[in-house]
Amino acid sequence: MKTVVVAGNPKPSSRTLDAGVRLAGLLGAEPPEVLDVIALGPGLLGWGDPEVKHAVELVAGADLAVFASPTFKATYTGLLKLFLDQFATGEGLRGVVAVPLMLGAGPAHALAPELLLKPVLVELGATCPAPGLYQLDSSYDTDSSAADYVRRWGPALTASIGSR
Amino acid sequence: MKTVVVAGNPKPSSRTLDAGVRLAGLLGAEPPEVLDVIALGPGLLGWGDPEVKHAVELVAGADLAVFASPTFKATYTGLLKLFLDQFATGEGLRGVVAVPLMLGAGPAHALAPELLLKPVLVELGATCPAPGLYQLDSSYDTDSSAADYVRRWGPALTASIGSR
Amino acid sequence: MKTVVVAGNPKPSSRTLDAGVRLAGLLGAEPPEVLDVIALGPGLLGWGDPEVKHAVELVAGADLAVFASPTFKATYTGLLKLFLDQFATGEGLRGVVAVPLMLGAGPAHALAPELLLKPVLVELGATCPAPGLYQLDSSYDTDSSAADYVRRWGPALTASIGSR
Amino acid sequence: MKTVVVAGNPKPSSRTLDAGVRLAGLLGAEPPEVLDVIALGPGLLGWGDPEVKHAVELVAGADLAVFASPTFKATYTGLLKLFLDQFATGEGLRGVVAVPLMLGAGPAHALAPELLLKPVLVELGATCPAPGLYQLDSSYDTDSSAADYVRRWGPALTASIGSR
């Protein structure tokens, strides 16, 4: 199973990225490929950058992809969306089972992964059989949220991967 | 495969219901159980009505359920939500693969099934691996929207059912 | 200033209703008209009921209306939407300055009034210059959320009323 | 009245920008300040760039701001969000009356400005008394959508500006 973690935090090597890697690990991928979007740099602001193109192909070729973002202004970051804008509508994530993951400072934005991030992934053609996951950035690495999620939704995610 | 079509149109035997039945048929269920929510009557306004309880159990026991609504005020109907409010949060649709379906007079509300109806089904614990489907009420029975949807997303839906 | 509080809780005389009345009071209306939607009964399930029609006219004629709902399945209630479905699209709340208010057991659904309830009111033609307000049902009557909201957004609401 | 048009199209001098300028003109501002976000360049990818800071201050100081975006992946662009992420939550657009404007190739994404772009502006503290406006990129400059919008919602926008 080819797994990729996409982290859309403007800060490199963020807790967002760490949370994505941990979730991917619990889902059975050890170790996943990691794409820290900010490392792609200014090529994200246009079209046709070779490094960006390579990153898009990496993600498009995954069986399972975790799209991880901190919560900025009650939704995912502009940085993550900048990367997602590079994919083809309806096709760019076809065949990819995608998990929307967001981290926030408090619980008030817990609806954002399901209401806001997931629809973008679906628009790109991803299969998203499980709810968006929201974690607190102060406790994601010690609380049970990731384990609970994997216990509840892991089988649905795995079954969707099998359907390719 | 046990399939149920839930139609949330205040008008009985509506095109909404017909579109749901057609979609269920294309997904391999022939004939599905049909639940015309309006037939449940005033018991929907409270808790504990036996007929409503029976309807909830029917839907909760399905492998696949199509939740069909006309578009009222740019979203699903109050009638459909009244019925969905009878299910237990996180558990009421556990193990049910659900398809959000909405019909509208024009294309302007095409985002509603994905952005608005699907999250309610997910909140009830349903597995929703495919995008919400929006159809025009003037052509759903003659255009290719249902067939296109089933060709594209049928395998993902079927795989999720197998994962129970 | 003619103010109406619309409460969409299936339980009559609910905390939802009380929270709406308190908010209306802080906005300068003492006492507001109160519409407890559940009291309208089965006429809500069809069209043309005289009592429902009268209620619609009452709300349509308000300068300011608070639409209050408990959080069911991460969004407003089917009961409230059943009532809103009785209004004409784009016109039914024209000239009404509307405040979306939701109460919930915890903070996780705090985005619902802004993302989900407000767009329905806007679709009916209401003017919604202030954010949706979310309150905890365990503390709305003792915490500062309503007062903070009125201090921050009262002037914008008042100015919009003046613009009719 | 100080008006700013913010255009979030990766292509400079886009139809998006033109549509924003036309709308601002109809709202009474002639000529508005224009901020073509893409011109800010790579400074958008981090924090503290002086040119980006100046652009933020320009927008924060406006009475009226039109936030214009093409529709990418059924929502606003990553580029626009990258710029909005530079504002302070709850305060960055305080006192600014904001109009969410999106252009798309077809009508299917017409709900996006109201459901997706407006909530971001509201989170930044903007006053958004009018619905989000969606225009077709093939006809925005010849159809009546902008004029209809201004006729219907201009007074509400003007009244909100007066309330500062």
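First chain written, first letter: the chains are A, B, C and D, and each begins at residue 1.
FYI, a residue touches a chain if its C-beta (ideal position, glycine included) is under 8 Å from a C-beta of that chain, and two chains touch if they have at least 3 such contacts.
Everything quoted here is computed from the prediction, not taken from an experiment.
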{"item": "Chain C and chain B - chains in contact with each", "value": "A, D"}
{"item": "Both-way neighbours, i.e. chains that touch chain D and touch chain B", "value": "A, C"}
{"item": "More contacts between chains, A-D or C-D", "value": "A-D"}
{"item": "Farthest chain relative to chain A (centres taken as mean CA coordinates)", "value": "C"}
{"item": "Cα-centroid distance, chain A relative to chain C, in whole angstrom", "value": "36"}
{"item": "Rounded Å distance between chain A and chain D, as computed from the means of their C-alpha atoms", "value": "28"}
{"item": "Two or more partner chains touched - positions in chain B", "value": "74, 111, 115-116, 119"}
{"item": "Contacting residues of chain B [partner chain D, same complex]", "value": "74, 106-112, 115-116"}
{"item": "Of chain C, residues touching chain B in the complex", "value": "10, 38, 41-42, 44-47, 72-85, 87, 89, 116, 119-120, 123-124"}
{"item": "Complex contacts: residues of chain D adjacent to chain C", "value": "111, 114-115, 119, 122, 127-131, 155-156, 158-160, 162-163"}
